[in-house]
Every structure is written in structure tokens, then in C-alpha cells.
Amino acid sequence: MSHRLGIPDDQFIRGDIPMTKQEVRILTLAKANIGIADTVIDIGAGTGSLSVEAALLAKEGRVIAIEREPEGVDLIKANAAKFAADNLTAILGAAPKVMDGLPQADVVLVGGSGGKLVDILACANKLLKAGGRLIVTAVTVETLSATLSHMQQVSEFSVEACCIQVTRIHPAGSSHMFKALNPIYIIACTKR
Amino acid sequence: MSHRLGIPDDQFIRGDIPMTKQEVRILTLAKANIGIADTVIDIGAGTGSLSVEAALLAKEGRVIAIEREPEGVDLIKANAAKFAADNLTAILGAAPKVMDGLPQADVVLVGGSGGKLVDILACANKLLKAGGRLIVTAVTVETLSATLSHMQQVSEFSVEACCIQVTRIHPAGSSHMFKALNPIYIIACTKR
Amino acid sequence: MSHRLGIPDDQFIRGDIPMTKQEVRILTLAKANIGIADTVIDIGAGTGSLSVEAALLAKEGRVIAIEREPEGVDLIKANAAKFAADNLTAILGAAPKVMDGLPQADVVLVGGSGGKLVDILACANKLLKAGGRLIVTAVTVETLSATLSHMQQVSEFSVEACCIQVTRIHPAGSSHMFKALNPIYIIACTKR
Amino acid sequence: MSHRLGIPDDQFIRGDIPMTKQEVRILTLAKANIGIADTVIDIGAGTGSLSVEAALLAKEGRVIAIEREPEGVDLIKANAAKFAADNLTAILGAAPKVMDGLPQADVVLVGGSGGKLVDILACANKLLKAGGRLIVTAVTVETLSATLSHMQQVSEFSVEACCIQVTRIHPAGSSHMFKALNPIYIIACTKR
């Protein structure tokens, strides 16, 4: 049976590392349009929540998760084991350096850049097959603007960007309160 | 090959009937957690964009789309044909009346209620199997509050609600402008 | 000199009681259209941040702040003293009971209702002069929907409602992160 | 009597030129903290809605509105006349060129830049008195990021930025629909 998107947040093993929330994970993966045999590279993989769902979608392909915090790599491995995602490999290291020697990819997800965003985007471009998707999720003004600006310059991508703002509704007695999650920008770039 | 969520808006045939936007469609269907052999009922199906994607997900199951506008039913049929969703049936009529005699369902989607929301929810409850999902999308205060209130009373459902606000980023010369879509509330109810 | 709206949040003395954020305070008070000699009643006044700014606007009028938590009343008094708002009176008690005997008002602000919203709205209506403004701020679905529904029934008010969602931008190293505040609904009702 | 912020949108004379919506106008002017004798320069004044309200606040001061579209200048003059803002002067021309020879200012509002944002910010800085406020409203990613980046470099300003997203609630029969306005970023910079 094929994977159904949207594992609830509380099913992932989490440390102190920030985790992509369910709704953003769903939209990011849907925009990545992951096929069953795809090769996916997830840069700044954090707890691995995106990597795990990507691996379940690409069940005949593989996912390579790059994370520079050892605590993160441990979480990714723990989550991969929990969800039986044995096609998920976690690599400790900083992009873009650690991207050398990675295979050609159908999808590159960029969730963290450690200040090397433009180099990572250039490196991701080299790894991406024609028709491949590069999906950047941005929680800062600088990542949003630098990604849009870079994509205008390289001009090999068709770009579609949006901001997602989720407000969760929490029961509070017999009432329901509005609780905002932080907005996230998703920049989806398809290589021509 | 399994369907990948998120057909772009402009690929659907559209009339003057409002269409669920891609990001909301993706989240609604992900929260509906549609399985490959599921039976899905889509009430107030509009252009059929949700129904079509549901039918592609439930490719060994079936989708029944209910719509009270003849123009809508024509659009649903045209979109079903365009995307080869031959497991999608469109029914002209108003819920809840037209729900009599429908089969037991794994998923009921409620996108429009024509003023009969509470009756539709009660009727949907009868059709839903244990473990089934009832997903209401609300664009009015009244649909949001009546759905939450009804779910508190019937108490057979676990309920999870959120508001999704999407801002699309449009190129304008060398700039990128923020353009808001209307917010939509998604109330996802799982029958115990 | 007349008061300029928008005292920064961190200038108020705060306890553990939730405080209306600056942007919401500004919009609430602007929509209340407070005149220099107005009588203002603030129900569920919390820390008194709204009451204090209202009192500085209505410097030849008066503000009566109602709060049922003794800790809140202490904060209101402390903030009134800090900002020299000597036309601000804090009353300990629960609305609508404590509203008996209050003077006719130009403006009634409702920020908390302790489960007695409809009774408070009815009582506020009796206290309001013709042309007076009743401003409800809602952080729950139920307050929003009950206020809109009540206003449709009494029909003596023209109603204008909106949701305000503020995202603050925080410096983080050389970057700027998006941090959402919770959305608030403001229902502004003008008595005909 | 002092001006009360927040003239309803439909009271302004409007052409095809985009107008700052009431809620954004209120917040922009509150963050500008306009005093009764202030000199205010409004760059890219559009229909003049901000300029008019600024002029009513600075009733013993003056407002200079700069607009490069003749249609806009006509609207500014018409709105100034309608609201009796005789301390408001409209100048036809493009900033920063037309800013030469303007008086020292307490407040500079930047609502449009015609591609010359950084030059305008530098020029505004020269015109601003110590303690003066420079308020940029941004509807594009580029204006937002360039303003934040410029302010980091010049370092004479304390900066506070936020995004305002207003959703209006419209009656539709006996229901109330959510209708989003486009989000606007407000970058408020106070000169040390």
C-alpha cells in the first residue's frame, strides 16, 4: 500500500531540534511531487520528519538526509527505524561540502542552510536531474529573498512560491481557541 | 503508479463555480487519509477538483460527488474525464436528501451545505464506517462554529481543526508581490 | 498634548495575565473611535493595557475597568499609576453582575466574558448611548460566532468585523525570523 | 478636538490607484507616532489616504505628499480638500530626486519607491531629525528585505518590523464569510 501523507507531529521522536509541522510537511512533500522510485536529498534534515515521509513515498527509491548536528542525525536514525524507512540514509556534516559525491537527484529539499544558502542552491542545481524539483522552506526574510533572487539569476527553473500560515484550533473548556503556528515560505523550483 | 497529490489549479476545467485551491486541496485530502480502496463521498463538490484527486488516490475504491448546481455536475464530469477518474460518479441533487441510499463510506468531505449543515453532518455520521473520516472545509464563521459545536455534542469523533491561510507570491517585474488567498478552516473528524 | 496610540508592550507592568498586544490594542482603540470626553467601560480588562490607553485618549472623560481576578485589578491600578491615568477606575468583580449601576457609556470594550457573553452584550447595549461603540475582541470561535449571531438578532447595531494576524519579525544573528502572534477577531458594533 | 485615527476606506475619493486599507493605515500612523506639530513626508502617497490622516494628526505641523502619477496628485488634493487638511501639500515627481530641498522631518513614510528604494532610504535618513521615525510599508519581498538589510548597514536606527494580515468578515445572507486582504509588512525605524 502506498504511503498516505501527514504523519501526526506527536508520532515522531523529537529532541530540542525544531520540527517541521504536519501541515507544512504535507505541502512541502506534495509540491516536491515525489515519485515511487525517486532519489531525494534533504538538506538540514533536523529531526528527519520530512526525510521519513519522503522515504515512505519513494519506497523503491532512496532518501539521503544531511544534518550537521549529531543530535539531529541520531533523531533521524531513530525516526527512520520507528517508521521502517530503511531506504533513508542519514549523513552527519555541513552542506554544501558534504554534498560532494552524492548521486543525481529527482528532488532536493532545503530546510536549513547554515549561512551557505547560495552555495547549497548552486550545488543542488548540479545534482538535480532535468525535471527535478528543488524545494526551499524559509523561516527568515533572508532565505526567502536570497532564494527568489538566485532563481531569477540562474533562470533554469520555473518557480512557484507561497507562504503558509496555519492556525491550530485548541479546545479550552467548551471553547475553541486560535493558536498560530509560525508562517513558513515554500519556494518550489522545477528544473526545466 | 500511485497518484501524487496537488494537481495545479489551472489544469482543472473551471466555470464560474469557486474552486478549492491547490494547497487547501492537498491538506484536505491528506487529512482525509484516503486509502487505495476507500469509498469517498464529496458533498458540495463544486468543480470536482477535490473529487478528482480523491478518485485518483482511491483508485481501487470509488468517489461519489454530490452537487446541486447542474453547471457543477457538468464540470465534475468533464474533470473526471480529463483526469481519467472513471471511479468517480457525479450526482445532481441537494444534501442531505440525496444522501439516502448511498453506500457506507470511509471518508465524507463536506465543502458546501446549502444551509443544511447539521442535517448533513448527522447523515454523514450514519454513512461513515468506524474509523472513517469526516472532513469539513469552512469559509464562514457559521460553518466553523456549527461543526465544532455539533462534534462536541455527538462525541463519537476525535476532532482536529485548523485554519489555513495561503499567500501566493507573484512576480511583478523584478519584484515578488504578496497576494493573499482567502483563509479556509479544515475540521477533520475521525469516528471512533 | 493628545495621546499617541501604541505604547510598546514592554512598558506595561505585567503578571501572568495575558496582555493585548500593541498592534491589536491600536486597532481596537482606533475602531472604538474614543473621543476626549468619552466614558469607556472595559470588561475583562486583564492587565489594563487597553484601559490605560483608552484613559489617555479620553483624558477629559473616564474609563471604568472591570476585572474578576484580584491580580488583574492590582496590575490595572499599577499601570494606571505608571502612566498617570487618574481618570481610570478599576473594579473587582464579574460582569454582567458588576455592571449594575454603571454610568451611560460612549464605548464598551469586551475582552473577556467568563462564559456570560450574551448577558454582557445585552447589558452593554443598555449602557451604551446612541452612536456608542461596542467592541468585542475574540480569541475563541465561540465568542466570535456568538457575538455575530447576537448582533444579527438585536439589529440595533451596524457591525464590522475582521481578523488581525500579526507576525513579528525578530532579528536572529544577521537574519530576520517570522514569529506569529495568535490571531484576534475584532467585532466593532456601532449603535444606531 | 484631536483627530481619531481610522477614516473608513469608502470615505476617501479613489481612482484606480491602490489605497492603503484602514487597518494598515491605522497601524502605520500609530507606529509613526505623529505629534501635533510634526513635519511628515509621505513618499509614494498614492490616493493620499495616509497623508490626509497624518495631516489631521499633525494639525499644527505639515505633511508633504510625493507622488509620481498625476492622477495620484489629483486624488491627494481632492482628499485633502474633502477632509479639510489644508496643511497637506502634494508634489508631483519621483523620489529621491524630488526630495531635494525638502525641510527636516519628524516622520518619513515610504509606501512606494519606483525601484529607487535604497536611494530614497538614504535621502530620508538625511532629512530625518534625531528621534525621527522612518516607516516603510512593503508589499514585495524585495522591499522588505532591502529595507531590513539597509537598516542593518546604516545602524543609526532601531528597527521593529511586522507583517499585518487582515481578514475582513463579510455578511453573506445569514452567514459571515472570511475575505483576506493582502498582507503588508511595516518596518518602523527610529533614528537614534
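Residue numbering begins at 1 within each chain, and the chains themselves are lettered A, B, C and D in the order written.
Quick note on the criterion: contacts are C-beta pairs under 8 Å (C-beta built on N, C-alpha and C of every residue); 3 or more make two chains touch, one makes a residue touch a chain.
Keep in mind the model is a prediction, meaning the values are calculated, not measured.
Visitor: Which other chains touch chain A while also touching chain B?
Guide: C, D
Visitor: If I rank A-C and B-C by number of C-beta contact pairs, which comes first?
Guide: Most C-beta pairs in contact, of the two: A-C.
Visitor: Roughly how far apart in rotation are chain A and chain D when fitted on CA atoms, stated in degrees to the nearest 5?
Guide: With C-alpha atoms aligned, the rotation comes to 180 degrees.
Visitor: Averaging only over C-alpha atoms, locate the centres of chain B and chain C and give their separation in whole Å.
Guide: That gives a centre separation of 38 Å.
Visitor: Got the chain C residues that touch at least 2 other chains?
Guide: Only 141-142, 148, 163, 165, 167, 169, 174, 176, 178, 183 qualify.
Visitor: So in the complex, the part of chain B that touches chain C is made up of which residues?
Guide: Those residues of chain B that touch chain C are 141-142, 144-145, 148, 163, 165, 183.
Visitor: Using the touch definition from the top, list the residues of chain D that touch chain B in their complex.
Guide: 139-143, 165, 167, 169, 172, 174-184
Visitor: Under the definition above, what is the set of chain C residues touching chain D in their complex?
Guide: It comes out as residues 1-2, 4-6, 23, 26-27, 30-31, 33-36, 148, 152, 161-169, 174, 176, 178, 185.
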